[in-house]
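Worksheet: one structure, shown below.
Every chain is named by a letter (A, B, C and D) in the order it is written, and numbering of its residues begins at 1.
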Amino acid sequence: MSTTSIQIHDSIESANEHERDFAHWQDKLPEAELESLLASLDAFSVAVPSWALATGGTRFGRFPGPGEPRNVYEKMEDVAVVHRLTGAAPRVSLHIPWDEPEDCGAVREFASNLGLGFDAVNSNTFQDNDILSYKYGSLCHTDPVVRMQAVEHNLHVIGVGEELGSESLTIWLGDGSNFPGQMHLRRSFEWTLRSMEAIVEQLPASWRLFTEHKPFEPAFYATVVQDWGSSLLLCQALGPQAECLVDLGHHLPNTNVELIVARLIGAGKLGGFHFNDSMYGDDDLTTGSIHPYQLFLIFNELVDATCDGALAAEPAYMIDQSHNLKDPIEALLQTVDMLQCAYAQALLVDREALNHYQQGNDALMAERTLQGAFRSDVRALAAEVRRRKGGALDPLSSFRDSGYRLLKTAERPTADYHPTSL
Amino acid sequence: MSTTSIQIHDSIESANEHERDFAHWQDKLPEAELESLLASLDAFSVAVPSWALATGGTRFGRFPGPGEPRNVYEKMEDVAVVHRLTGAAPRVSLHIPWDEPEDCGAVREFASNLGLGFDAVNSNTFQDNDILSYKYGSLCHTDPVVRMQAVEHNLHVIGVGEELGSESLTIWLGDGSNFPGQMHLRRSFEWTLRSMEAIVEQLPASWRLFTEHKPFEPAFYATVVQDWGSSLLLCQALGPQAECLVDLGHHLPNTNVELIVARLIGAGKLGGFHFNDSMYGDDDLTTGSIHPYQLFLIFNELVDATCDGALAAEPAYMIDQSHNLKDPIEALLQTVDMLQCAYAQALLVDREALNHYQQGNDALMAERTLQGAFRSDVRALAAEVRRRKGGALDPLSSFRDSGYRLLKTAERPTADYHPTSL
Amino acid sequence: MSTTSIQIHDSIESANEHERDFAHWQDKLPEAELESLLASLDAFSVAVPSWALATGGTRFGRFPGPGEPRNVYEKMEDVAVVHRLTGAAPRVSLHIPWDEPEDCGAVREFASNLGLGFDAVNSNTFQDNDILSYKYGSLCHTDPVVRMQAVEHNLHVIGVGEELGSESLTIWLGDGSNFPGQMHLRRSFEWTLRSMEAIVEQLPASWRLFTEHKPFEPAFYATVVQDWGSSLLLCQALGPQAECLVDLGHHLPNTNVELIVARLIGAGKLGGFHFNDSMYGDDDLTTGSIHPYQLFLIFNELVDATCDGALAAEPAYMIDQSHNLKDPIEALLQTVDMLQCAYAQALLVDREALNHYQQGNDALMAERTLQGAFRSDVRALAAEVRRRKGGALDPLSSFRDSGYRLLKTAERPTADYHPTSL
Amino acid sequence: MSTTSIQIHDSIESANEHERDFAHWQDKLPEAELESLLASLDAFSVAVPSWALATGGTRFGRFPGPGEPRNVYEKMEDVAVVHRLTGAAPRVSLHIPWDEPEDCGAVREFASNLGLGFDAVNSNTFQDNDILSYKYGSLCHTDPVVRMQAVEHNLHVIGVGEELGSESLTIWLGDGSNFPGQMHLRRSFEWTLRSMEAIVEQLPASWRLFTEHKPFEPAFYATVVQDWGSSLLLCQALGPQAECLVDLGHHLPNTNVELIVARLIGAGKLGGFHFNDSMYGDDDLTTGSIHPYQLFLIFNELVDATCDGALAAEPAYMIDQSHNLKDPIEALLQTVDMLQCAYAQALLVDREALNHYQQGNDALMAERTLQGAFRSDVRALAAEVRRRKGGALDPLSSFRDSGYRLLKTAERPTADYHPTSL
């Protein structure tokens, strides 16, 4: 296993730059404050889904890259590279059946040897993997036999998760309708709730169940769990183990996502995140690539709620992107850094000052307090945390210098790769 | 009082056309079915807000029309015309302080003589009507003295409503923030809830309280009650008298409004509607003028829920439009007809067939069942109901023929009217 | 060839209903006016793309239906059924290479025997069909060799079209970028224009070239031809053979599509339409299923421009839908009827009255003139036109009664079909 | 005149911080590169509209602040403060008739004494300022007399501008319609063009005319110049003096504004900007307050086009915000700093590297090149430029310390100010 042997290749130039930029931070912040911030940042980690390691696509096509992983083992190898270089990606989130292990024990041991664990398991009832079709829905289907099949699939996924050491189940549904009239809007929701109740009944006591809302795609008229309001209604009815998951791309145009995060925190039902970014729909772009300020504002709500104790448990953090054009490992390295930076910026916010200005309705100074944190160049803080963990100052350069992708291209031949130039 | 003496002026031509078109319906539907539909339609009515009788405007300007009512008495006169011609607008919804009566008893008697009653009263804490400014919020304000002032205003409005015979209070808040950081997102919601609790405590036992959500305007970053999810959280906490009001224009782009209606029905919290239409934001256009199919689909949910008993009480129906370009009375006549037609179409839906196709996932036939009702030309049904009530087949023509506006233009001189041609 | 032998199965009941409803129209309209309207309606036809006959899907999955056509011959058979029952779908639009004929002469003869001809041919440079990848663009690619490959492909498609008797080429590009910085925004547009110039140079003199804009998908940050403005710039530079194509689903939220149609007519650059409907993005739903009033308003612009001579040539009409849940033939039958009805409604508009009210700024009466046409139940008019052509009053019932799909399910076995119930 | 005597009050602490942070930049960049960047930044300036100095409002209300300027002289005094503290706001853009000078010569001299000049003049045909009403349009009106009145008004505005030393006219139209059918979509555009031709005919040879597009508000169905495509059609027809103005808030949801900037540059028709920010519509929030990355990407296009010579003349830069909640002067100080920072970041982009990565389709490295510039903390660069000009390191603190607003509150009493706390 060559994976963990990937070398950190930070250049002298990049080390010097880091020293200069970190020294600037040492000038700017008192040591205790700086170290406390770095400690919080050090504690941050995010899960990587098994499907994020292969090139994604759209309904119009997929353009595979070289050296893609061909199975769950190779995918974990790739995650281990991300974790090795960032120190912040220690868990894999498996999708069943796409990455269902034949031998859970072997997979768990393999992961353990790579220093990896398992995050939430993900069920799939939006494709035809079973005997009966999910064309017209799964947990919401009009036919009780199809609903039962979908419930059974989720219970099976829980079983797999238990063998791997997971402690949560994420249910994202494609259920919905394309045309007015096709589906009874209230009954389909009621059936979904009943099906989920049957799943929660069998959920291990230590587990959490995450429901995920999405306004459209693959259903284009109405989805069953279209927004956080519907997700909340489900989780209220399902009890304390059920919580709402926020995918950053699952919102209508102009949605204030940080406000939804605040509302879910207030309702005690924020379960976690699927990180990505989007400009139009569920574009699944690199986190922070389109709306970096929004990402910061979301972390600001999380830090704020941690400070005042409103956030009982830490939310589950997971990346959920489709890497259509970028090398998946590179995109993940970039994403982890982006998350570390957004979190660092949120930690920099002077909460006492912010609170003071909010209380006095000094809108400009309150805003400026947030902007001051966001405008700060925190790349050296994230780099320093990685460095101290034994990761890379510049994970991307280390990765490119390592020759890992080239090596894997030889090891993992694929038939469908077209060159972009001769 | 000349108002109620407005004459019905249906022309012979229009009477003949009606006879022909209604006869076509008599051919199409069995008599019992037709009469049952007409009876349901006959029972439908909608409230008119006092501010709908004057020309509305935007922040860029207002173009007053001739003969605008100058006080609450003249506004009621105008509502009486709408009711006289349609038979379906028997209630006025007063806005306090814009149309606060000096003498409630006199106003109530005046209304009663016109055959009118009073619907929900509306409070206003989005403008500076009190000693302290609402610039930075009202029920959500950081300063408890401002919150108390806003609560007191609402209690005052309830008092006015009791004198008039109203039985509900609608709270629409402008509260929110324009910039990230300006307002603490969770605390401002919490304060809003506490303020509303203080109001509900004093709400008469027979009253209902309606909360209204809106994503933006006048606040352009975050509103306190931004969507139905937040509105639901409030109403769940406030108890059985509190219900959610749906303004058709208070949604983000691409929102499936009928789905929200279905969810609120399912949650037992649908309180009522503010009818209008919009293409971009809270445009407050004539109901059904932009998305007539959506209006039908909303009524379809209401009829469906009435049929299966999911709708405990009838929702409160109110028009809430800004008549910037049309004569307000004419726009209201058009609106009432549009609502009657949408309701008639929803009543036409063959629910047994729809249910059958939905159950069997025959998407096309289910959709076609709805479309068949929507494509039906129901104008003669609405006209027939009006005719039987003593209203007009064609309210607009009757109104124009009546010379009412001209008469009022003489009676109600205004200084700021510019002609559109010389 | 059993296709054209599909029988018209209009029931006596449906014939009686038609007679009743059409008689109502005969009462309503003077005979000359009615016949003139029917003649216009009779002249309307729409092209069907070869990809519309198979079940579509999303990136999350595809749920195949039974009896799907497996090649271009079977697809034409299915189109012939649509044409047989509606009398308004006489042309097929081929996609190259998905449905590239091995023997164009044979395919042309086959089509001719079915009474079908060929509409625009469609090139595909959004997938990897060639030696070099289009992952990073085609006509806009930074590498001149890839651009040349894409140009050559288009020239090849023109060649195929010439053999089939097509007279236009539609270029829809997936070209664009997912991330700020990825693509030089001006240079990529410039290269696209240069590539298109190379194509137009070789375009047969009698041909038209259609450029199609789309704001996103598969590119999620910036597309090269993102809106009608960019499409117009291309067509202005490309000369008189180039015109803009409007796909109803290729617009940002809240776009006024009929206004774009009006602007393109005014600029002399409206080439044609890809008909579908959408609620969120390029949903490719059945035309008129979500925004039927918008569809009518688009036809209203077309009829209006025909009346005042602003529309030099008739636009190219094509259906472009993804039939994910409905039987494709059924969806097409529904679509053709929907188009016929929208056109009939637009023909019903009293243009003289409309013009009069517009000129006098009588907003309400002008709107009511349009609404009067839209609210009319024109299904009997479309049915009458089909009847006179030898098509079906109710194409869908005829199709279902025919047993065609069942027959084809036996003839065209597929491996990947899952039942939705046992 | 006490205005220009406003003192720079940078604290020692803030001077020390600046020294530290600017030294960091001196470490990071070679001196020549740094000085070149500062020189470009020094050359940047932006115009302030006369209406930006008073508190703005929405259709729901306006909450005036203390010490608002009451006339054009007081407004210029306030602009002079902004210019004094930032060194980058040397021009006023007058709105006619809101701020029409009675004595242009006196106003011009007053401005000159304050070190201010005049930018574009703005006409107003969206309110009733003339004899005939603009309720149903101005340049597009169906009545030629109203169109002539609107043309005359614009010619009058040009005359005022000539007396003041302005060299451009900005035409923003409220023209449009609220309902389908109300306005003939093509004719209203044609009339607008004809009216503008009449204006351009009289435009002084050295002047530029800017057309501004906007999708909605105050018209809520269709505007006459709804997007850059329509604006482009007008400017193409009007000739070389006419150019398109981009208001950042005048776009549909999800619009890629930097792409429109690129297209207008490519078409040779980019005239200038109205800077602000928005989350939902034409929210007129502080520039960069919602989408700071977008602001950077727009400046990136401008710098890029300057580098390759695509931008013939410098665009006209103007702030166009509505200061509803913030002190207008404070909001403008914040805005100028935000613009300086965004421009500094765009100047920091390594264009050679970016070009290299774009050419090789290295999406991640190209993006990272942009992100590197955006993530840089450039506040010290903007401050240094201000310092060298004799402005403030921290304009806001200087302003607050100056007591200017308090002084003006005494000098400029208003009746309608409510306190926010007692």
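Keep this in mind: a residue touches a chain if its C-beta (ideal position, glycine included) is under 8 Å from a C-beta of that chain, and two chains touch if they have at least 3 such contacts.
Computed from a prediction, not measured in an experiment: that's the story for all the values here.
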| item | value |
| --- | --- |
| Pair of chains joined by more contacts [C-beta pairs], A-D or A-B | A-B |
| Relative to chain B, chain with the most remote C-alpha centre | A |
| Length of the line joining the C-alpha centres of chain A and chain D, rounded to whole Å | 39 |
| Whole-Å gap between the CA centroids of chain A and chain B | 42 |
| Overlap residues in chain C, where contacts from two or more other chains coincide | 135-136, 178-180, 182, 215-216, 221, 253-254, 256, 279-280, 286, 289-290, 293, 325, 361, 363-364, 367-368, 420 |
| In the complex, chain A residues that touch chain C | 57-61, 63, 126-128, 130-136, 143, 145-146, 174, 178-180, 182, 215-218, 220-221, 253, 278-281, 283, 285-286, 289-290, 324-325, 418-422 |
| Residues on chain B engaged by chain C in the complex (per definition of touch) | 20-21, 24, 27-28, 253-254, 256, 279-280, 286, 289-293, 325-327, 330-331, 334, 341, 361, 363-364, 367-368, 374-377, 379, 396, 420 |
| Contact footprint of chain B on chain A as seen in their complex | 135-136, 142, 177-187, 189-190, 215-216, 221-222, 226-230, 232-233, 252-256, 258-260, 262-263, 265-267, 293, 297, 300-301, 304-305, 310, 354-355, 357-361, 363-364, 366-371 |
